[in-house]
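There are two complexes below, and they share subunit A, which is joined by subunit B in the first and by subunit C in the second.
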Partner chain A sequence: MSNTIADEIVHHVKERQPLTIWSVLGNEYFLYCVSFISFLLIWHFIAAAGLLGLATPEATIKEMIRLMSVKLAGKNLFGHIWASSRRILIGFAIGAATGLPLGLFMALNRYVNAIVKPVFDLFKPMPPIAWISISILWFGIGEPSKVFIIVIGSFVPCVLNAYAGIRIIDPELYDVIRVLGGNRRQEIFYVSFPAALPALFAGIQISMSVAWTCVLAAELVSSRSGLGWIIIRGMKLTKPELVLGGMAVIAIVAWIFSAATSGIEKLLCPWKRGIKEL
Partner chain B sequence: MPYEEVKVKQPIIFKILAILSLLTFFGVWEFIVDAGIVPSTMLAAPSKVAILFVKKLTQANPDGATLGAHAWMSAKEAVTAYVLAIIVGVPLGLFMGWFKVVRGLARPIFEMIRPIPPIAWIPLCIFWFGIGIWGKVYIIWIAGIVPFTINSWVGVNMTDPALIQMARTYGATDWQIFTKICIPSALPMIFGALQISLAYCWTNLVGAELLAADKGLGFLIEMGRRLAMPEMVVLGMVCVGIGGALIGIVVDVLERRLLAGIRR
Partner chain C sequence: MTPKIVCENISKFFIQKGKQRVHVLEDISLEVMNNEFLVILGPGQSGKSTLLRIIAGLETPTQGRVLKDGKEITGPGQDRGLVFQSYMLFFWRTVMGNVEIGLKLRGVEKKERRKIAQHYINLVGLEGFEKHFPHQLSGGMKQRVGIARAYANNPEIMLLDEPFGQLDAQTRMFMEKETERIWQTEKKTVIFVTNNIDEAIYLGDRIVTLKGKLPGRMDAIYDVPLPRPREHTDLEFVELRQMITDKSELVL
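After this line comes the complex of A and B, so read on.
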């Protein structure tokens, strides 16, 4: 049996293998198809047999297509996707716009660090979802309470990564700019910020996934729109196709969000391209 | 070594600033509630939270269990799911890194399930398991398994190819290379996942308990909201924070012990 790591090394000396039944069966893309199709088939048979309270994949897809035109609580599927995305974008923008500068300040200035860090450390281990209840007490069950949770959720990883991003910069880089006669301002703008940028983006990426968890939790607890609401609605009406469809749509939209973030990252910090990400 | 480790003693002013900042924080919090700037239905003063904390240690009212019982329930769920995540996630990741067939079969399903936030499984879990412990364990397990799988996978993939070729030259079989070279060299990455996975587990634990539970710290928070007792909400949040920090410290110590013999 062959394996990737060794394959990569001997790849250039390996002759093109003849097309045999085993090379087709062992092909990675072939296996992907097998896996995907058998996943759908197993799902289908479990659902068709009435086990586990599932809906078949066809029913799920049909339900989602139906929802694109039929309105559920005044919004079609895209309306609900937008309702969730809007909350995330607003909350995330506020969280990142406050969190990143704060983290940078904490790392660059010892006084800010001494003042903010103890209080921040108090809030750090608290999962953002734990804020849901108090945010409902504060803001009611409207839009602001959901945005607030997302702000909290995206704020913490942004601060942490901005802070760590500056802290882990190779001290030799500072030495170089000092030798070249740079002052403090130049140190910050030419070394600290560019070198911390990949870490900032890592923070943004984490924030994004935390934000999705938060928005779902908030919508599951109390809301009248959004993808989380579709799921909970499906549960209350015992329509599993609505639950499964909602989950599938969430997966797709969340994936698009994270793909967009890494796309922007590749545009903005090309020096990180070499690192293979998974 | 171009740099020698120099211990710079922090000036005393920074310690004073840190203490002052904490004192100010609690002072302002106590003051804005006591002075009525923020209504007491929305936020509880720290002193009230402390009183409730002492009371809840022995009393089961008004939410049905003492604080210890809540915390024990949460810890039990989190630890069960965490251990299950290690047991399933690490071998899965290792095999996915080394065996093409396993990777080919497991990857599409893994990639499909990964972007779904674990919280979204809650309705299905309630269908499947009711609101007992296993539904929550399932959600936390889903959350915790992802970092373990990815890190062990990357760990195997990052094995130094020279080592593998050396082993091949000496006539090692694939299985021997996998067990003797790839797994040990993936260990630092796997240990790195301990901390990440724990944070995910803890976050999703609270989410799961908010929605489907009759005991646990998340349930305590939710009951505080339903009974309009902000001090209970805050108490729950504080306990979740402390619990997360405590487990984090334990895992950190463990990680350092495990990594002690491995040169980075």
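After this line comes the complex of A and C, so read on.
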């Protein structure tokens, strides 16, 4: 039987190519390295020439290695990374745990939508950092006020993406369930939720990056720990290697967070794994 | 013999943008016999998909009613399976996951539903593709999944809504052959909607033509007494094709 449909199948055959200078120069990964190394070189020459008040990449890396053992305000580098990460994880967890279900409910039930949407639309365009003063007024300058900003910041993209994720589902997909004899509850569990899953992850990714913006803002305003505080510290001491090092570490940690989320998404959405190769 | 499906004077209006009434179907009456392969042939915008959705129970007729075995149809049900024009596969489920979904909804135990689903996957010729996701399949294979999914739910009546409209000509002819083979293997009452005369004559025991442009009206009913499998180049095939073309407003 299967040979009769052979004409419908597209085969992807990757031919082995001989190793030439052009195949190396044109290789994706080689070009990634070129890109990264030229970035470091340009940075190095600008810094070495004393322009723009930059520290060289070398000095920056040395400073960060030094901070791994030397304590700054009672914490070494990992302590500060954890301080920021902990705020993000708590704030993001609360924001996502409330935002995602709310978005789903709004999309699935028009009464919930009618009640929540006007107020939500009012708060939606407001930058989360605008809440800083209120937050300090309510929660003081301790941890809760920083976490609160992150909750606000990650809540909004979660609601929006969960809502959009359900709304963009082709209504005919529900017809499939209905025609097969399914009920409304089964429509939600077998179509709405799985079809919206990628959108939920999109929301989580955006929330994550908003959370980093929020935690930095909060740490810049009032803090004795965290990566934002390291940057402020470097500024006050006029140590550009500390400022740049803080920025670089943020980039790395934020990238790890994002990559971990992508990893979980791939695990939960197996149908998205193969798409890239097609 | 009593007919399996009876459509009694069906008319349908849609309300568009709040007020505008769109007249889609006008006084459609037809009977479908048990195990008959009925083709509804009509140009685009003749309301043929709407008629099929009414029989499926996804839409309610504004006037008239549809009877199945003498009982009025009030909503969708497991007794009627629908194959969609744009496949409507669950992209988050594998071929197996798609085919077994109807059984899963009815709470059929896993081992049992896998066995039934596998039978229909084999029937449509997708053996070996159980673990593929829809995006990894070609158009023809996707619709095979759609057909297997509807069949696996064991409906009495199969409704196919321009199932091969998105396929290229070769794959389309091939899928028509396959449809006939599958229907011959497990006979069911089939209502097949298409805008393609060749497809209609190749597959149908009877052909109902609808007049073009809304609202869709019944035009004529043709018997197709040709033996199966049919050949597009047979003289009788060509003659029937000519007759339908001459009589109907189909401009294809």
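Rule of thumb we're sticking to: the second predicted complex is superposed on the first by the 238 of 278 C-alpha atoms of A that agree within 3 Å, B and C clash if a C-alpha of one lies under 4 Å from a C-alpha of the other, contacts with A are read in each partner's own complex, and residues count from 1 in each chain.
FYI, a contact is a pair of C-beta atoms (placed from the backbone, for glycine too) under 8 Å apart; a residue touches a chain by one contact, two chains touch by 3 or more.
Being a predicted model, the structure only gives us computed values, none of them experimental.
> Name the chain, either subunit B or subunit C, that contacts more residues of subunit A.
Partner with more touched residues of subunit A: B.
> So, A:Ala195: does it touch subunit B (first), subunit C (second), both, or neither?
second
> Under the stated touch criterion, which partner chain does A:Cys269 make contact with: subunit B (first), subunit C (second), both, or neither?
Second partner only.
> Tell me the contact category for A:Ile149 with respect to subunit B and subunit C: first, second, both or neither.
neither
> Scan A:Phe39 for contacts with subunit B and subunit C and give back first, second, both or neither.
first
> So, A:Gly181: does it touch subunit B (first), subunit C (second), both, or neither?
second
> So, does A:Val159 touch the first partner subunit B, the second partner subunit C, both, or neither?
A:Val159: touches no partner chain.
> One more residue to check, A:Ala55. First (subunit B), second (subunit C), both or neither?
neither
> On the A-aligned overlay, A:Glu172 touches which partner chain: subunit B = first, subunit C = second, or both, or neither?
both
> Common interface residues of subunit A with subunit B and subunit C?
1-2, 4-5, 8-9, 172, 278
> Under the stated contact criterion, what part of subunit C meets subunit A in this complex?
56-58, 75-78, 80-82, 84, 86, 88, 90-94, 101-102, 104-106, 122, 125-128, 133-136, 138-141, 144, 149-150, 153, 170-171, 174
> Provide the residue numbers of subunit A that touch subunit C in the complex, in ascending order.
Subunit A residues touching subunit C: 1-2, 4-5, 7-10, 170, 172-173, 175-182, 186, 190-191, 194-195, 197, 269-271, 274-275, 278.
> Give the list of subunit A residues in touch with subunit B in this complex.
1-6, 8-9, 26-32, 34-36, 39, 52-53, 110-111, 113-119, 122-123, 125-134, 136-138, 171-172, 209-210, 212-213, 216-217, 220-221, 228, 231-232, 234-235, 240, 243-244, 246-247, 250-252, 254-255, 258, 278
> Looking at the complex, which residues from subunit B come into contact with subunit A?
2-3, 13-15, 17-22, 25, 41-43, 97-101, 103-109, 112-113, 115-124, 126-128, 150, 153-154, 156-157, 159, 161, 164-165, 168, 174, 182, 202-207, 210-211, 218, 221-222, 224-225, 228, 230, 233-234, 236-238, 240-242, 244-245, 248
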